[in-house]
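Here come two complexes built around chain A, the first alongside chain B, the second alongside chain C.
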Partner chain A sequence: MADDGAFVETIELAPELPPSGPVQWIRENLTYSVASTIITVVVGLVVVFGLRGLIGWFLDPFRKWSSVTANARLLMVQAYPAEQFSRVWISVGIVVVLAGLSAAAWRVAGKVSVGQITKAIMGIGSALLLIALLAPGEFSGGRGLLAVIGLVIALAGYGLKRSNRETINDPTISTVGLAAVILVLIAAALWIVKLPVQEVFADGTKEVTNQLLARSTKLPWTILIGVLALSYAIGVAIRDAIPSLRRILVVLWTLSFPVILMVVMRAPDIDWGTVLSVDLPIFLVLGALIGYILYVIGAPDTGEWKYIFSALWLAFSVAWVLFGWYLFDTNSSSPFHITAPAADVLQRLEFKFSMILGAIFALAAPSFGGAKAARIRYVGIWLAALFALIASFRLSAVPSELVLGGSAFVGGLSLTFTLAIAAIVLSFPLGVLLALGRASSMPIIRMISTAYIELVRSVPLITWLYIGSNLLNLFLAGVVDIFSVVRAIIAMTLFSAAYLAENVRGGLQSIPKGQYEAADAVGMSVVQKTVLITLPQALKAVIPALVGQVIALFKDTSLVSIIGLFDLLYIARNVVPGQSANLGSIMELTVAAAVIYWIFTFTFSRSSMRLERRLGLGTR
Partner chain B sequence: MSDQAIIDCRGVKKWFGDFQALRGVDLEVTKGEVVVIIGPSGSGKSTFIRCINRLEVHQEGQIFVDGIELTNDVRNIEAIRKDVGMVFQSFNLFPHLTIMQNITLAPIWVKKQSKSEAEAYGRELLERVGIPEQADKYPGQLSGGQQQRVAIARALAMRPQIMLFDEPTSALDPEMVKEVLDAMKELAREGMTMIVVTHEMGFAREVADRVLFFDYGQLVEAGTPEHFFTNPQHDRTKLFLSQIL
Partner chain C sequence: MNKMQRILAVLVVLGIFAAACTADDTAPTTPDDTTQTDPGTTDTTAPGSTDPSTPVTGQTGGATLDEVRARGVLKCGVSGGAVAFSETQSDGSMTGFDADMCRAVAAAVLGDSTAVEFSALTAAERFTALAAGEVDLLIRNTTWTQSRDTTLGLDFGPTTYYDGQGVMGRASDGFTADSTLADVDGAVLCTNAGTTTEKNISEGAALAGATIVLSTVAEFAEAMEGFKQGSCDLVTTDASGLVGNMVTAIRDGEIAEGDWVVFPRAPISKEPLGPLYRQNDSQWADIINWTVYATFIADELDVTSANVDSVVGDADLNPELARLLGVSDEELQTGMGLDAEAFYNVISQVGNYGEIFDRNLNPVGIFREGTPNAQWNQGGLIYAPPAR
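On to the complex of A and B.
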């Protein structure tokens, strides 16, 4: 017996590679049992015939794809005056410059492996081959050519894979270089590639002409690609010299949207006399006065009087807005009603909302004040916020210099973006406040927040859009005529905030009790605890839900056609198919709109996955 | 009450619903004293030290910390919390901040120190607890023992007069207990006033000035470690010690 324990045999084996290869893969994933084999065959047949039908539909010579390309401008900006298109390009340019600088500042560039690239090349080649093989009979002309091209591309990818077998998974290729190659290819394609466009006329005759991909916009797009590369290069050059580059870019991104919306695209007709006589005095007086109060309140000794003072100030300002609205501004049956020109009402609103903003700053001042430098910085932030408030009041009230043909503003995809970005950006702070309100220990605030959230969520968005477009101007009784895009933005913001609040509340609930206790134990105030400890963690936890909401909101903008705005889908389904040359092209345009929506929503979801990976790294 | 007492508790009672967690606890702790509290789980020892910085609210009795009574007055609570550091069983580090940010957050925002001042002291503290090289990592990248030492440094960053330890080694792997206890011993030698809830009898024997035994929400027995471990008076103490030693 070997139970004396003295005999121990050690055999050293070299590690073996697991079995691999296409046959092994098929056996493990598709045909591992009789049932799975049957299912694979059946589903495979369904996919093949489905694809065949789909490809056939796309390539049918009777499809009027020219209705999409011929109306690209309409789909992008609708009736925005052509002589003002430089404004559109400047807007896109601002975004492109910021994107280039940000890509450099956040060091998004990385390395990809040869394996990832060969996979993409082989994918493209196989897709072309598949189209050539599956396309139904009507597609005869280029079938052989397409099959050969697809086969060549796929084989090239496979050859690249075989020749780099040793280093296939090593990240060796810079994404910057790859992006540069792709961008140069796109730019070249804009100038070179011509596609046959077939037009079918009313009398049945057909005409095929070869036309460039982007006929009227090839120059601006090429310039923008150059600007992107240039701004990335500048970003790389300055990112080490300017350590606060990221912070500056966050501010610039925040500013870019209102500047594009209010100044560049809308060309405000500003009356500088009013600005000097109304806005500047309000800014100077309130800025200095409240700035001084904030400086005093921010001093580092504790004192309950500060909170009492700030809370009374806030209550007074809110009451002033609400009662002022009721007694003076809008209610003609009130004995105190005064009829004032719209400009005066706006001036009063500007003043009152500045007071509310000041009260909120005062409430937070003890938490974020302290040493002299910190207090001076806080006053600086106050002045910036006050400036932003007054500027947005003034800019939203002045008329536009542009003569817009029949619509309120830019339409099409630009309107879709305008609505989506504005509603997302504005609903974010409101939603966070509602979430905090609903999680608050103060019963009145909790009840108000809960009631708001439940009320808004219980009614469809379309109803809120109707309410926003019709009732908002009734409430204001013609005092201030808010223009229709802003009414839609307000309705979507209020709607989206309720959903966002519930998402953020979920994040707040996921934070362990120990985090609150640790913050309490070092003596943090409620405001500090929320802003520094719980909110950042809660928001990080709910990124997937927030991105889901952004995508939903982006698509929900298509509902605004109901209140008479011309968004992308409305133009695609109702405007273009009504043109005499494009009758019967509704399916083509709908599919094109769907592809455009898909490009952006897919980009959102991919970037959010990247963001999650970056934020998740080394935190929990 | 002597003039020396930095913590003075008189008849502290506390209920969770109908369950009485503390049944009238009297305790005086003098400056620089190290008090170790032991007792079976559910005996109210954690609840008691959590009352001292008002993470739990006592319903009857009085607690004075450095002459200030703990009441509902927010100013008193804030003043006492700046003076009393706490270390938790589950560390409770802030996972979204680096080690250095964890340590400097409260000095910067609560004590209004400048960032450079807070970071200089933060580095000194990390040196003292023996992990200066971890300053830029996140809590999730550290071992349990390292995390708990960061938690000690975080509490010390506020320059407290009193440190409370709520079972600081209970959530640690055995091989990491020693490094945390060493940091605590170091602190005791420097003259910090400490109240420690723990099951580490070796630590109690070596470091404590006084050992308290809690059971059923009451302070059953108190004495020097020598007296306590060799000659316990009360039957319940004897039973408890026989079970764990």
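On to the complex of A and C.
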């Protein structure tokens, strides 16, 4: 066709894009062969009918979903006295302020692409449409409205996506902005959205009225959302000025929990006279005396005597607690026979445990001491630890000021959180110590750690809860009124620590021998090697296992109802279905409890994935 | 082997060492001694614990009354999740038959029916909580049985509600109120596991010669769910629970009146429910018993919270009532450590037995007529000894 000799301009065509679109996607992924087509149709039908049944169950007019909305308060805090609710709000407020500051300090703000947001909007719209279309029964006006709303949302999302596609680069918006929009929407919903609530009167008649989502709590929640925004703003403002903000926040987070639990929520009835005449002298005398000893032991000269002295001290203190009790305190021929009020016994325990703590500090002093500044800092840590020990003894022994409708001062979701957070936080150091102990070259320590782990792991958690709730009180009969929540926390901590130890040991074993040898080669001490080289790597390696354990522990808190504590699940299954207004609503409440558990465990697992990504886990 | 022996030797040496250390503990300079010098806590030689926060089980002679008086509030153990007996309302308050019985005791002991601190207890923890002194009184729809009465260190007060196990079926399956256990042959029967209910129905059906398929779930509410969905032909539990569920279903429009029936006419088992207290405290036992009896007597003699004031002012007052309400000089309440007008407070603040019953149980469809819960002179078992 070409003319002779004439120059023919060839137009270079753009490479042909592979055909795309929904039809093509279906052809490539769902119906690429006869077998795949059959499988697609069968699975599709099963899913459609399964969804239909599920949606039908949820929308059944006889489902009393109002039992969930009307009892939000019971599910959250059980029978915490209403006039003391400010304590609950202060507690939540502390957490919210810390969360806002931490979000700023750790710079969680990121970018999210508009494409992702449009996808999410389309997904929500399609889900609503699907629910409206799939629901069994007659097609009513409400369902029609739902279908239209779903369609509009889905189309809006699609339109956004199309207009977004024209731009070359997928634009992004700040996650902080997105979070702000969502929070404002939530705050608005609290004041606008109404849900049906069923009331039953004395004559057996009932009335369903539409009431606000949060009737009595809309103002506090709105304020808290504002506080969150404000604390984030403050965090952003100060994070560059205070370089150690993250470390300060870690300390505050650690302190916040016991303070919330023991001081804010429990409202201890503290007798300041006892504190001044008993606790303060113990703190001052032991703090100064042991502080001085630590200062001496921490001096940078070598000496076997330090270890011998500290080990003898530890053995003496432990023996004093373990055997002294039976030999002297409860032996009627002993001059120390206890016929004293519980308060007197408490201060002996306080003293004995302070001695154990001091011995542990003395053992570690040569490792952490050294220069004068380091030793002074170490004595400071000792004073803080002693203060924490004495304060926790005093706080768990004094009665609560509150008049409470149950065997514990917290119930519902608050109790679930109390137990889970306390057990996780406390079992972590114990588990790491046990793992190091089991991997240690010292036979006694290795045997004790192994025996502990194997003994604890081979007995069910329920058994440990029983032991915690019954035996602990028997051992300390009339001595310390350890209230039931603390007993459960102790049992769960000891149990969880054994599992955690094995996880961490797995991480320790995964570290190549070269790492140990390299640390030895640069002359690190055992403690330095552990703290600086092996442990950080080991912990990083086992993050998935640790998060799995956190999730398991969070759900295991539902077992505490067998020792008489009213956790979320027990209230959902045994308390609310016992109201005559909500009789027979057990499935609704069980589903609601499941959703609440899911929200939190899903959050845990997502956060851990983010943490893994940040640490570059699995990519190296 | 050699290594093991060495480790054992070290352990033995350490053991001896530990024992030696504890022996040193007796030296007068030990810190235990110094803590005793504190003036606030020198009472180390006083026999027995004087701290009220450390209750001892099996208290004797009026300890509970003094404790409650000193505290100013009655600690009462209830279920918190038993329909019409003790319900935790969505605002955290406690209502129901058992809760009102607690209030009656508070009115008698403290003169104020609101001075009650309710403790919601699980079925497993209830007896431990009472024995350990966490509560002063347990009114938690608990059946009075020989084993509980004799082995727990607790005693039962007068029965306040006579319950009995029943079976509920659908009228469309041919069941009527006159059906018997012989008619349940071949049916799938659902109930909650691990209760005496399960045992009673198996034994009862076997005696009646009926073969049943027993299906158990964790909570009775789940058995009801199965009954509604049709996977259970019958459900069984205490008759009060069955009637409560039936009335609720009728109220919610799930079924029509008469769709479900409870049978047989004579219950499968006896379930007398009543208060419990720690044994060996006769004064406290008398107070609980006579508070319950006072509500019985007031019910028998038609004294209600509405008319008690006019009854007290009446010149020709029945002498028994005059003693009971503290009007007559022959009153007997001060003898057991209460105020003379203790039972007047009970009736005026909480009401008589019939009022407590009707207020809490009528809304869930439970009535007294023709049941053991009617007064003795109306064919029931509610019978109080005379107040004289």
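Observations
Criterion: the second predicted complex is superposed on the first by the 560 of 620 C-alpha atoms of A that agree within 3 Å, B and C clash if a C-alpha of one lies under 4 Å from a C-alpha of the other, contacts with A are read in each partner's own complex, and residues count from 1 in each chain.
Simple rule for what comes next: contacts are C-beta pairs under 8 Å (C-beta built on N, C-alpha and C of every residue); 3 or more make two chains touch, one makes a residue touch a chain.
In this text the structure is predicted, and so the values were computed from the model without any measurement.
Counting residues of chain A touched by each partner, chain B versus chain C, the larger count belongs to C. Once chain A of one complex is fitted onto chain A of the other, the partner contacts of A:607 are absent, as it touches neither chain B nor chain C. Looking at the shared chain after the overlay, A:319 reaches chain C, while chain B stays out of its contact range. Of the two partner chains, neither chain B nor chain C is touched by A:509. Judged by the touch definition given at the top, the superposed model places A:163 against neither chain B nor chain C.
When the two structures are aligned on the shared chain, A:575 is found in touch with chain C, with no touch to chain B. Under the contact criterion defined above, no residue of chain A touches both chain B in one complex and chain C in the other.
Against chain B, the residues of chain A that register as touching in their complex are 300, 302, 304, 367-371, 373-374, 512, 514-515, 517-518, 520-525, 528, 532-533, 536-537, 540, 618-620. Against chain C, in their complex, chain A makes its touches with residues 62, 64, 70-71, 73-74, 78-82, 200, 202-206, 273-274, 277-278, 282, 315-316, 318-320, 322-324, 327-328, 334-336, 338-344, 347-348, 351, 399, 403-407, 443-444, 447, 470, 473, 477-479, 481, 561-564, 566, 570, 573-580, 583-587. Every residue of chain C that touches chain A in the complex is listed here, in rising order: 7, 10-11, 14, 17-19, 21-22, 24-26, 30-33, 35-36, 38-41, 43-51, 53-54, 56, 73, 79-84, 86-92, 94, 117-122, 124-125, 128-129, 132, 134, 218-219, 221-222, 224-225, 228, 244-245, 247-249, 251-254, 359, 362-365.
If you check the complex, the residues on chain B that touch chain A are 53, 55, 74-75, 78-79, 81-82, 84-86, 88, 90, 92-96, 105-106, 109-110, 112-114, 137-138, 140-141, 154-155, 158.
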